[in-house]
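There are two complexes below, and they share chain A, which is joined by chain B in the first and by chain C in the second.
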Partner chain A sequence: MAAREKLGFLRQRFGSAIVRADLTSDRRLYVFVEPRSVKEVCRALFRELDARYVITIGADDRPWSGCFMVAHNFAFDRDRLLVSVMCLLPADSPRIESISDVVPAANWAEREMRDLVGIEAVGHPYPKRLVLPDGWPDGLHPLRKDVEWDEAPDCDDSGTGYDFDDPPEGCTVVPFGPFHPTLDEPAHFRLYVEGEIVRGCEYRGFMVHRGIEKLAESVLGYNDIPIMAERICGICGCVHNVAYAQSVEEAVALRPPPRAEYIRTIMLELERLHSHLLWVGLACHIVGFDTLFMQAFRVREPVMWIAEKISGNRKTYGLCVIGGVRWDITPELSDELKTVLDKLESEWHSVARAVKNDRNIQRRTRGVGVADAKVVKEMGLIGPVARAAGVDIDCRRDHPYAAYDRVGFRVITAQSADVWGRLVVRTDEVFESIGIIRQCLARLEPGPIQTPIKEDLPAGRFGLSSVEAPRGESHHFVITGENNRPRRWRVRAPTYQNLQGVPSMIRDAQLADMTIALGSIDPCFSCTDRIEAVDVRYGSVKVWTPRELREMAKRPQSGRDIKDS
Partner chain B sequence: MSLLSKIRETVLCLKAGRVTLPYPAEPRPVPPRFRGRPIFDAAKCIGCAGCANNCPAREILVHDVCQELRIIQYLGRRCTFCGRCADVCPEKAVTMSHDFETATNAIADLSQRLELFMSTCQRCGRCFPEPSPLERLKLKGYRFDDVASERWIFHSKGYLDAESTVADIRIDLD
Partner chain C sequence: MVMSWFWATIGCIFNAALVLVLAPLFEGILRKVTARVQSRKGPPLLQSYYDLFKLLGKEDIESGEAPWAQRFAAWLSMGVVLAAVCFVPMGFRAPLGGAGDALVLIYLLMLGGLCTLMAGLAAGSAYSLLGMSREMMLMITLEPLFAVAMIVGAVHANSLRLDAVLGGAVYEGRFGVSGLLMLAVSMASFQALVQRVPFDIPEAETEIMEGPLSEYSGPKLALFKWARMAKLVVYAALFVALFVPWGSGLPFPVGWVLFWCKMLVLVLVVTLVAATHARYRVDQAVRYFGGMLVIAVFALILATYGY
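== the complex of A and B ==
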């Protein structure tokens, strides 16, 4: 009973500051704390009990409790326990002491909370905007309940410069991103470079913030959100889909049937397979080894096809609804999947053997992008990055969900803490995933794939779910609500934490190692802020200003507006 | 050591041979469960609007022109082919086709419009048997989505009146 132990420790230490504690199961603990003691409770959990920081959530709870709500989530991986330290803040002064100096990993989450919900983290070491653009009006916090979902304020910032920090003395600024051929996502790193050595960086991201959480809390319904959730990520979409469904199911104490749990496990592992194969290929591509990039993608393709046969789509499987799954695995599909796995295993053996002994790859990745166990702890890094540093964490084993408690697998770790270690971890995890799917197929028991839901889901319940995505832990937090939709749904994707480790990975490293250290981030000047439209018939050039483009984007789209020109 | 792995890699490539498919010169058949563009069958549709209520992308508009005529318009612009409309349709009037090559210069080509005769229907919503309370019809009664400018308006009324519902909703059209 680890949960009771931790609660006993906190009660003994903080006494009356612990207002309320909910033990919903052996594996979940919700502690309500007086706002003034939150920082000390977090310090005790993080430093003394050695918890892993997961995420901070801010919520506007004014329509129900009249307060704002803050939750700091921690994980005790060896004890299979997730702890949420919660507190209520008065509606007229939503301020709470920042925990970022105790828990450095909370840096982004507290800034995001200030941007989106308007809860001020007092004493934050770097209180700069994170999510909202520079031109967004002050005092307008999109996740507050009194802001409409389609609110579109004028964010024209064309007259002002970007709010960048000054580089340190003697350093030159090299901008990375937001657009580059090898850059998967628009993120902007301002690198402070001294000669060829990177001394530090400033990160500006969230350029494609889509407001999915706001949509879920104001427009969509419980069963619409899984479809939207899997569009959070193009690679690990099914992870978000399952994590959301699981967090709602946990909140309302609904258990999907065993067959559905096995099917979820199978699809999650199929997704891990294709993601690992893709990443190994991509890593080879970044270090300039395109032969293996091609081979990894060739080996990966049958995985996409079998996913398409099971779910009707190569990606975005549309797998979960609350209480079960939508697609069953028939005996024929099961046989076909086994054939695909057999072929994949033998082919991946030969690829892995080639990769692991290739001295060129080793030279290019060993000692590059080092994030050791200390950085992992301080910045809350997860997934292959943590495991490559010898930190033995894996949500599939530590916080079992779906059918992972009924299958056996090894958690692969490495000790080198560099890109090479991550490559080895991900290469070897492929074999474990194949093993997991085989075990699931063998144990797939007949039965229903959805639990019937008879009544409306109760409101005001909390649900947490950690799902091991190929890149690390995806964490979902849900407060159920009225009108068939959650009050608050917070998604923490693995990259959210791992990106915060990037500055220490690249510090004092060669500029040329950035690309592989960041996996897919590469330098480029491409901050184009306008588009030219050339009329070929007259040769005239029209230059669109940012304001015109913004106006065009606001106008309702319809087929008639788009003409050939 | 390194030379050996280079030889291994060469063998790997040679053994694989050519794997590219002749698509699009030759069509590539899709598996039976493939989810392509949804097709709406006006002969089967009873106009319950269950699909419109449960479309995650809000791509299906419902507009009651008068007591007898209901328009259901599928836009197809940002439809993700998730198949929820086909899941919840009580009459199996929506099928997920195998049609995925939907690139077009005029996005209106993708839309489908059903003009349904509704008899003396009061739009009580009872003809939509929801799979669970999570799919329950939230908008019973008459609906007035803005078909002309393809805008979804999550609002319904228990009666039909001369005034358009669109006017009482705050929409910024320009």
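== the complex of A and C ==
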């Protein structure tokens, strides 16, 4: 219903500029627009219809349509609708008007599109390089189809300095990162500090980009990708695993059996549990309250153990294949999980009480790192950051997937828009997650856990999936393709948007509040950078040279066939 | 006369050795208790000795803007503590108790803060300078508190002589209001005097990466750490001498054992407070001490009127 309404509005408003529209269901709308009208369509969606900006995707579609493709994705959370505004650009001049001045949240995505696919966002307000390293040659865009996946240009940038912005008058520069005790992964914030007050900052990240999307589009097969997608993030890997599988399933209209959907829901919530418990602990550590940090980790540990019992791993569950899940939850495991949840619930009550009643924690978090509803809208912030500002969005309810439409839960919100609000939201969401898992366990009925796939998946279809990660919406976009692998797979992790809100959170704040403000979005740089970690093998210590690593990465792999034999 | 000089020297050496030997043990107790509060097993009781031993055996690396200043700051911080030790009774009468007055002690302890400033300047990195400015802000508000506590004692004792000020003079025989007020103020700011959570602001690891100490390593770091552990003992001893003197006059070894029991209790209190509080922000801490200072000055006024 809502999809038709929006389409009607756009048709009436823009007439022939709307080239084509695909309504694949009442929850998905793909509108093809003339390139010159894209910006106005986005403005209408974002400003007039109050859509939420999700992500911008650039794709090299030349081998098939002879064009480049751009998609701006928006969400109507109240209407359970995801909209993709798409357009085709001529192969000889991949240029499109930037939407960043209308939709500020598109700033990074458009820069990334320029870096990786070579589609120029004309009139971008801050056209600095975002993803590619400083020494990467101009004009070589790794996500183009004519660039080999193991292309390794000479990136020597040792002789050139990075072109930083000038700090404002009267400010000194305090480098925060790339390595800092509270940053678990490399990211660089160049803070402009006046006394103890932060006046602004410049962000520089993507230091560990490993090109997972390129690998998926050129080397791996449909069912290999979930395993790698999971390794995008060290904490919320299962989210990427499920989101990828769901987007492919949606593209090819494949529905996993109910039991698989329940198992996916259970594992996603287990992951949220361990992630939130970890975050509360880290937040306490950042403000120097190590006792609660230790207690939170003690309470968290049984969740890791039960995850290991269920999936074989504490963290990387290896959950999904296209059309289902790879393993089952036995009745014994189900009973044990219930016991773990009971213990966790009572222990978390006491930790939550300790956290919420601590005056020092309140002093350090109230009014700190404020991102109000306006910032949330402009920068496309999501997850606990948005909910703490009173913006009532949660993909589990708004864009239901897996078994979330069959369980009841509250979406926790707060009004204070500060770190304290985020703390309260996360602390209380733990109880909701426990409730969701219990409901799923009660409804888990016997049945198959995979839908068999009899023939090749059709090519050229679009699939979108939004999964509520512990940090916010994780959005995956897939165009299915030939050779048992997608043509394009775009991952938008929640931190990608939330990080863009950090500069406004820390402006004019105390330097001492910087770490907790940054920490409050639960930043996940590996998600943002989309890396794959290098295995550390126990026992033998070996230092890899960059050359050896490159050789190792070039060893050919073949995608397994997805069809059942 | 010769004999008294002799005994004073022996006493000084004995006190200094005692503090140097016992300080890591107190730190060990502190770490162990903290671990138990946090549901951890914790390091062995003697871990702090091992740590110092390891650091002392490491290569002495010169780094930062001014290596000589860095070296000097480390030595000075240790020297200051050892000098202060001679003026503080450690279960016995202070060896130099009659030689200097309360002002010497106040200045000595303030010099300890200056070492941190010098360390920060010598390193010259953005984080160490930030730590330095925080240390300075804290010093300005914190040191007067301690000074006022001594002066209240001095006013009551009608003398600035250290042996008169210490030994419970703040209460002036009966429990005067000013003495009790100062007891409260000192207890509320004790964590800061010994640089523990929630007032470890100049070194906050998660904010400014140990601040002034960030350029220190090896033996110099060992000196700083050791001085910091000793500082806990010195301040605890001072606190006991100023506010909880009862029983110190008992004959050896009862008084001596009692003194160290009181010290132990104090260290446990410090540990528990540190384990159950989040760190203050520097402006919040300054405001907090500002409030304390108002109370302290009020107590001083009361003391001059004999309350």
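By definition in this document, the second predicted complex is superposed on the first by the 519 of 565 C-alpha atoms of A that agree within 3 Å, B and C clash if a C-alpha of one lies under 4 Å from a C-alpha of the other, contacts with A are read in each partner's own complex, and residues count from 1 in each chain.
The rule is short, and it goes like this: contacts are C-beta pairs under 8 Å (C-beta built on N, C-alpha and C of every residue); 3 or more make two chains touch, one makes a residue touch a chain.
Note that this is a predicted model, so its numbers are computed, not measured.
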item	value
Touched partner set for A:V287, first chain B, second chain C, both or neither	second
Contacts of A:I322 with chain B and chain C, given as first, second, both or neither	first
Chain B versus chain C as contact partner of A:N360, first or second or both or neither	both
Contact breadth on chain A, by residue count: chain C or chain B	B
First, second, both or neither for A:S350, with chain B first and chain C second	first
Touched partner set for A:E378, first chain B, second chain C, both or neither	neither
Contacts of A:S311 with chain B and chain C, given as first, second, both or neither	first
Touched partner set for A:D157, first chain B, second chain C, both or neither	neither
Touching partner for A:D224 - first (chain B), second (chain C), both, neither	first
Which of chain B and chain C A:E455 touches, first, second, both or neither	first
Overlap of the chain B and chain C footprints on chain A, listed as residue numbers	291, 294-295, 298, 358, 360
Residues on chain C engaged by chain A in the complex (per definition of touch)	34, 37-40, 126-127, 130, 133-134, 197-198, 200-201, 204-209, 275-284
Chain B residues touching chain A - in the complex, by the definition given at the top	1-2, 4-6, 8-9, 12-13, 16, 19, 30-31, 33-35, 54-58, 77, 80-84, 87, 96, 105-109, 111, 132-136, 138, 149-151, 154, 172-174
Chain B-facing residues of chain A, complex	152, 219-225, 227-228, 231, 291-292, 294-295, 298, 301, 305, 308-313, 316, 318, 321-323, 326-327, 350-351, 353-354, 357-360, 452-457, 483-484, 554-560, 562, 564
Residues of chain A touching chain C in the complex	172-175, 180-182, 195-196, 284-291, 293-295, 298, 358, 360-361, 363-364, 510-515
